[in-house]
Amino acid sequence: MLGRIWRSDGMWLFWRSPAAVLAAIVAIVIIGGALLSPWIVATSPYDLASFSLMDGLLPPLWQGGDPRFPLGTDDQGRDMIAAILFGARLSLTIGLMAMAIASVLGIGLGLAAGYFGGRFDAIVMRIADVQLALPAILTALLIDGISRGLLPPDVQQSFRVAVLTLAIALSLWVNFARTARASVFVERNKDYVQAAIMMGQHPLRVMTYHILPNILGPLLVIMTVDLASAILLEATLSFLGIGLPADSPSLGTLIRIGMQFLLSGEWWILWVPTLFLVALVVSINILGDFLRDVFNPKVR
Amino acid sequence: ETFRWASTTDAQTMDPHAVNSTPVLSFLNNIYEGLVRRGRDMTIEPSLAVSWEPLFGENGWRFNLREGVTFQDGSAFNAQDVLFSYQRASDEAADTRSWFAPVTEVRIVDDYTIDFITEAPNPLFPDSIANFMILDQDWAESNDASLPARDAENFATMNANGTGAFALASRDPGVETRLTPNATWWGDVEHNVTEAIFTPIGNSSTGLAALLSGEIDFIQPIPLQDAEQVEGRDGFKVLEGEETRVIMFGFGHEHDALLYSSDVTDANPFQDSKVRLAAAHAIDMDAIDRVIFRGKIEAANQLVPEGISGYSNAHTNRPEYNPERAKELLAEAGYPDGFSFGLKCTNDRYINDEALCRAAASMFAAVGLNAELSTGPVRDYWTQLREDDFDMFLLGWSPGTFDAEHPIRFLLNSQDDEKKLGSWNFGNYSNARVDELLPLIQEEIDPTTRQTMIDEIVEITQNEVAYIPLYTQPLIWASKDNIDLTQRADNFFILRWVTVN
Amino acid sequence: MALFIFKRLIQSVFVMIAVAFLAFSLFRFVGDPVSQMTGVETSVADQDRLREELGLNDPIVAQFYRFTSDLLHGEFGYSYRTRQPVASMIATRIPATLELGVVALLISLLVGIPAGVFTALRPKGLTSQTILLTTLVGVSIPTFVIGILLIFLFGVQLGWLPTFGRGGTVQIGGWTSSLFTLDGWRSLLLPALTLGIYQLTLTMRLVRAEMMEVMQSDYIRFATARGIPYRSLYFRHALANTMIPVITIIGLQFGGVIAFSIVTESVFQWPGMGLLFLESIRFVDIPVMGVYLVVIAFFFVLVNLLVDLLYFAIDPRLRVKEDV
Amino acid sequence: MLEVSGLTVEFPGRHGVFTAIEDVSLTIAPGEIHGLVGESGAGKSTIGAAIIGLLQPPGRIAAGTLTLDQTDLRGLSPNEAHNVRGKRISMIFQDPQTSLNPLMTIEDQLIETILAHERIDASEARQRAIDLLEEIGIENAAQRIRAYPHQFSGGMRQRVVIALALCTNPELIIADEPTTALDVAVQSQVLELIRRTADTRGIGFLLITHDIGVIAQITDQVTVLRGGKVVETGPTEQVLGAPQHEYTQALMAAVPPLDHKMQRFLVPESTLPSTAQASEDASEWLRQGAQTLGEGLDVTDITVRFFGTRTSLFKKPAPLVALDNVSFLVKPGSVTGLVGESGSGKSTLARVISGMIQPATGHMRLGDEALPLARDRGRKDPSRRLIQMVFQDPYSSLNGRHRIGAILSEPLSLYGLEPDAQRRRALCAAMISLVGLPADTIDRYPHQFSGGQRQRIAVARSLLARPRVLICDEPTSALDVSIQAQILNLLKDLQDRFGLTILFISHNLAVVRQMADDVVVLKGGQVIEASPSEQFFENPQSDYSKSLLSLTPSMSLRKPSHSVG
């Protein structure tokens, strides 16, 4: 399988597209750094005892900072590098999980809606309308509230990430559902699907084994784009105060906190995570564009 | 001169009795007046009452009213308006009702004399009604606004008719409110404002930008970390002061077990005063001051700041930063390795509240107190605290009466719903001696005796570490250079003290 | 056609009721309105009484029933926070949000579509790559950061544009508009740009992708083979055929515009519905939040309907068959 | 007029440079129709695209000259080249469905094209457009010109496309398979139109097709292309009448004749080397499943109605009767041909039998058992296995994401025919060799095969279900003659050896003649005629059958009616 991918046209095109290669390198560095952050950085921003307020607000090295903190520290004395790496880890976790939930939910519903059509389709699409009419921030509030109502207090804090993830996922699934549904409408009438149905295969198998792999192309593209959106959405929700608590340093939270220092001279607290986020989002988007071109040989 | 200013929130209503909150009272102080008012230094001075004295032979106070005062619509002011306003402000529908809890009766003596009868001797009563604003009875009644609006609108929510130095010219809630000077005001005009325009700007960076671009003349407050920037710019200045609000940590004294602990689930270590003291010793106020508050705060040692009446000059020590001592105390209390617990904080209520709690959590962690920090907006914070959903919590308290009795009544007395005591004592700190002293303090006329009793309470609560007082919250306002104004410690902005040069 | 519209309207009522219900179940979790309505000194007993008066102790279903039946009777209730009638509060804020949203959308279309066409026709050109990358960076920075940056750049540093609010407005009937004064436009520019950049990027990339695909289609090849002038080829033949998906997405993104207008309005202190909503959340102003959501759902349904009608206008294949 | 010499076209790609066209030369005189034949992928379309300058990227002309009268087409700047397009050279693309801009009326497209090349006013252009439409046989053109493309039928659209190519009075028109998508009646009209315009207007045509019948019918000159190289070229009667090159000869042999039934086709390459042991295993396995002849199929009174989209609030849309009381009988172990023009209901009938469409009335029998209608046919109904179908389009009937092995073993596991995975694989391999494909096929993916190969895989898949009835819905219409011949041979062999019952659907009467024992003719959803094959072709009963037979292009060469000048 891997070998097939490696030898595929996509790979060949990839090496011929400098933008895609560059974006992939950036993405891999960021994602790798984020995944390995616990092993890369000495002090975890989660370990409250490991940093000291006395180190707070140190500028980056080239502005005369402390060699222990090459990119400076924030207002709590946390190393910015540690903060952004762990932040990216959290952001990516939320983004990936949200995207995974959204895609499973959305593709599932979209597949079924497109496959069965009729009333089921109408119901799913009206639910999608309701979802679209509720801005993400409201969905976030809703889920947040419900979880607070249902969960015992001592686990709530640890569920904040899950709650946020779910909220973001819920505001993203419609994209998947609509795209999947539209693709299924096209695919359903193709002969290979007809053949499978005619043979008496189970609808579930027809949907997942036969149709799904064939409509994955556009969905993959949405996935990359939505991964970026999810990360940004998390930042925005944090800004509006429905996101993560300040001691869970997602990139969004870091930027939100950094905003307080926009003018006060400690520019790095805002700009380090912001530029990091920009690099991540841009590279994911470029890869998404590239994927779209691969999956759509017509526009190559 | 036209004067434009901004603050983070709009006054919710123009009805002076509907909501007892700083934004409303501060704003309406420019339009309405009370019997007494506070001067620049917070002292009580005559306003619509020229003088007042305790009643003889009866518990209560007599107010001698100012003659010749007219409301902004031209009708005359007299004792009838005061009685009416009292009835309105103490109605069930009014949020200012608590001010009048001790009052049993109000009697008009003549057109310009009125008596407030209280249950017991009440030396602080005039202080406690500095924000009790007087409406015109005819105006209110003829506009169907005899009672404050509760769940619906009435005429007084959007319109105002006071005796104050400024009159309401136009109002677009949440967007813009304009005031013009009251030409018939009785007092000496110190300001030179011809029109004042107020805009709420919720986002502090936007507000700062508005000031720096010259679109507004004054903003209250600005983020503390930006003060230096503003000061450094030509043409702008920063006003810094101390608010009367003390920020503190509170404990769940009453809880039998920790709610948020991963290791100690069958007991509440905070019931041991040694543990509470350990927590106090773990806090490095200097570092917090330097990094988070940029040197703009004063450490606090009691629940009221210095300068407030009743402040105990005899007990000004606070537990010093001493992590070693903290660890020892924890070991003595039986927790040599510390324990984990839940710390609840707001993130939009006090200045840098979230940063403070994060720093505190990190300091606690350094001695083994592993705080599980949870921060959230204030909109459901009080509900959580009321439901005892905390192990330790952050609280800021500003004494509404500017007297030490206020926090004792609300924060230190045992919870007692009937007598309406201890209503913000979420952890239900309880000490029989404190409960016993409070009524005595409330009734004591002689200042020295009273101070002795307050000193005793301060001593008890310091020894028992009922709360960990942290610091007095700073007030940071900013304006253009050419504006002269007065920053009052209750964070009220009084327009009649503004001059535009 | 009439049937279609009728059907959609019926469905939209259900959408709105569902939104109302969701919204409603949400309110009980947002916080306690009473503790936001009263001062510190208000006694617990007084708070409880107020809660009872507001009907907050009733079962959620009863509250929802009251809310919807009031709505259906045209009663929108009173704000807990300001005690004003919600209907008029929202009504006075609608123009600001709509003007902001529409101008943002217009910017995104007027810039996004030509840019999309351009980048599709010269996919490898330096200018195209620059445009693509810049807008991508533009959308990767969170809206609230962009907003503040623009304010400081144009408002404070350069002093060209106002930093907050709507500036000079003109009252036309019940509609307060900032579209008729220079000052109003100056105030509108930055927020509209902030709100529009995301839409712009989206529109541009979508037009680009669709354009590249349509340019490969048989009818474009055939038109090329007939020697149709390039301008007509690109704009008349190709662009028109990209419009169906573009309009679909723009319609869908209306929800996005509204959601992000919450952030934009708060950054620019733009007195629209979003700002009102944000304040309402802060003060747990349930009636305002409820009506806001229903109004938004209504707009959303309306826009969706318009989009579907636009389909008919653009694509003759969807029109009712008529004999020619 | 047009002179192409030494044309070489290359597509640089991942695996180096692919030479699609190598050293091709041809000339076209005014009024001449030059046919270009060759199997799929031979490079026919590429030549057309190269002439008009619209090679798909990354294609490029590597060598050769292209001159139109005095103009060197290769030397033109992009803008000059664009000016030549339409004005002097027009091109007709293969598919009329997609060649017209769906959002513009026929009128707009015609007028725009005319105005792009001539300085006349709009009303004049409009008149020209209407005249042109009348000329190519669209009645009531003044009114119908306001229609959108989707409001026209396929044949009408193809005529509009031709009108668009003609409206600027070009010197040369390149027509890329202009009739492939049309049924015989429309096809003959279009061909006639092309011949007429060539004769009356003196326009030169390059007619690309893979239908030898079409070539025979109207071209003056013909060039046979194979693998990008010219195999043979010359006057039509010479090349087709006395083919010199063996490929041309093979091509001619593969054309199914209408006038007699052949035992087997002579195919250009020997394709059925299935003498191996493997294919014997497969045959053996199939024989185990089929002790008897295939089952007969009895279709009675089938009616199918489709409801169109509702257009009015008050009126129910009129139903479209796709099948109207259709009854016929397929004898066990025989081949029944189902013919009829496009839209006559052939595929609908196939789908009714295979249980995909619920008919409004009627019932069916399979052998001795009742065959449940779609809604009543359970997923586990035995007929699901017994009836198998081979689809028209070999490109979409195989799931592109699965390996051939997985595709083939699906029926085996689904119907529980072979529980052991190892044996399943072996069986698939055996079947692959039975249909004449190399052994490594089962580990590859569908896209790695040609249309003909894919169709073989599709046949193999249906055989693996051990069916008794095979429905073939136009199994060769997407394939060129030589590959068609291979598939037809394969089906004949299988039918002979395993006694399958086959329902063979096609609109190509010549093909049906080669395959069928009986013929059923459908028109507008009704059975017009049902008779034994020989009787049908020798002595058709209905007028409709007669006209169908007469319109089918045959190999009879047209008489050169004009002198080449």
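Note that the chains are named A, B, C and D in the order they appear, and that numbering of residues resets to 1 at the start of each chain.
The rule we apply is simple: a residue touches a chain if its C-beta (ideal position, glycine included) is under 8 Å from a C-beta of that chain, and two chains touch if they have at least 3 such contacts.
These are the chains along with the protein names UniProt gives them: A, C = ABC transporter permease; D = ABC transporter ATP-binding protein.
Bear in mind the structure is a predicted one, so any value in this text is a computation, not a measurement.
Chemist: Using the stated contact rule, I'd like to know whether A-B or B-C comes out ahead in C-beta pair count.
Modeler: Contact tally favours B-C.
Chemist: How many angstrom lie between the CA centroids of chain A (ABC transporter permease) and chain B, rounded to a whole number?
Modeler: Each chain reduced to its C-alpha mean, chain A (ABC transporter permease) and chain B end up 43 Å apart.
Chemist: Centroid of chain B to centroid of chain C (ABC transporter permease), CA atoms only: how many Å?
Modeler: Chain centroid spacing, chain B to chain C (ABC transporter permease), equals 39 Å.
Chemist: Using mean C-alpha positions as chain centres, tell me how far chain A (ABC transporter permease) is from chain D in Å, no decimals.
Modeler: 47
Chemist: Counting in whole Å, what is the centre-to-centre distance of chain A (ABC transporter permease) and chain C (ABC transporter permease), each centre being its mean C-alpha position?
Modeler: 23
Chemist: Two-or-more-chain contact residues of chain A (ABC transporter permease), please, as numbers and ranges.
Modeler: Only 259, 262-263 qualify.
Chemist: Give the residues of chain D touching no fewer than two other chains, as numbers and ranges.
Modeler: If we look for residues of chain D contacting two or more partner chains, we find none.
Chemist: Would you pick out the residues of chain C (ABC transporter permease) that each touch at least 2 other chains?
Modeler: Residue numbers touching two or more other chains: 30, 148, 152, 266, 278, 281.
Chemist: Can you list every touching chain pair?
Modeler: Chain-chain contacts present: A-B, A-C, A-D, B-C, C-D.
Chemist: Considering only the defined contacts, which chain D positions touch chain A (ABC transporter permease) in the complex?
Modeler: These residues of chain D touch chain A (ABC transporter permease): 14, 354-356, 378-381, 384-385, 389, 391-393, 396-402, 410-411, 414, 461, 465.
Chemist: Which positions of chain D touch chain C (ABC transporter permease) when the two form their complex?
Modeler: 52, 54, 82-87, 89-91, 93, 95, 98-105, 112-113, 116-117, 143-144, 146-148, 150-151, 161, 164-165, 168, 310-311, 313
Chemist: Under the stated contact criterion, what part of chain C (ABC transporter permease) meets chain B in this complex?
Modeler: Against chain B, the touching part of chain C (ABC transporter permease) is residues 30-32, 35-46, 49-50, 53-54, 78, 80-85, 89, 92, 148, 151-152, 155-156, 159, 162-165, 266-269, 271, 275-276, 278-279, 281-284.
Chemist: Within their complex, state which residues of chain B touch chain C (ABC transporter permease).
Modeler: Interface residues on chain B, with respect to chain C (ABC transporter permease): 12-13, 15, 18-21, 92, 95-99, 149-154, 157-158, 172-176, 199-203, 205-207, 209-210, 212-215, 348, 377, 379-380, 382-383, 386, 400, 410, 417, 420, 423-424.
Chemist: Within the complex, which stretch of chain A (ABC transporter permease) touches chain C (ABC transporter permease)?
Modeler: Touching chain C (ABC transporter permease): residues 19, 126-127, 129-130, 132-138, 141-142, 144-146, 148-149, 174, 178, 228, 232, 235-236, 239-240, 252, 255, 259, 262-263, 270, 274, 277-278, 280-282, 285-286, 289, 292, 296, 298-299 of chain A (ABC transporter permease).
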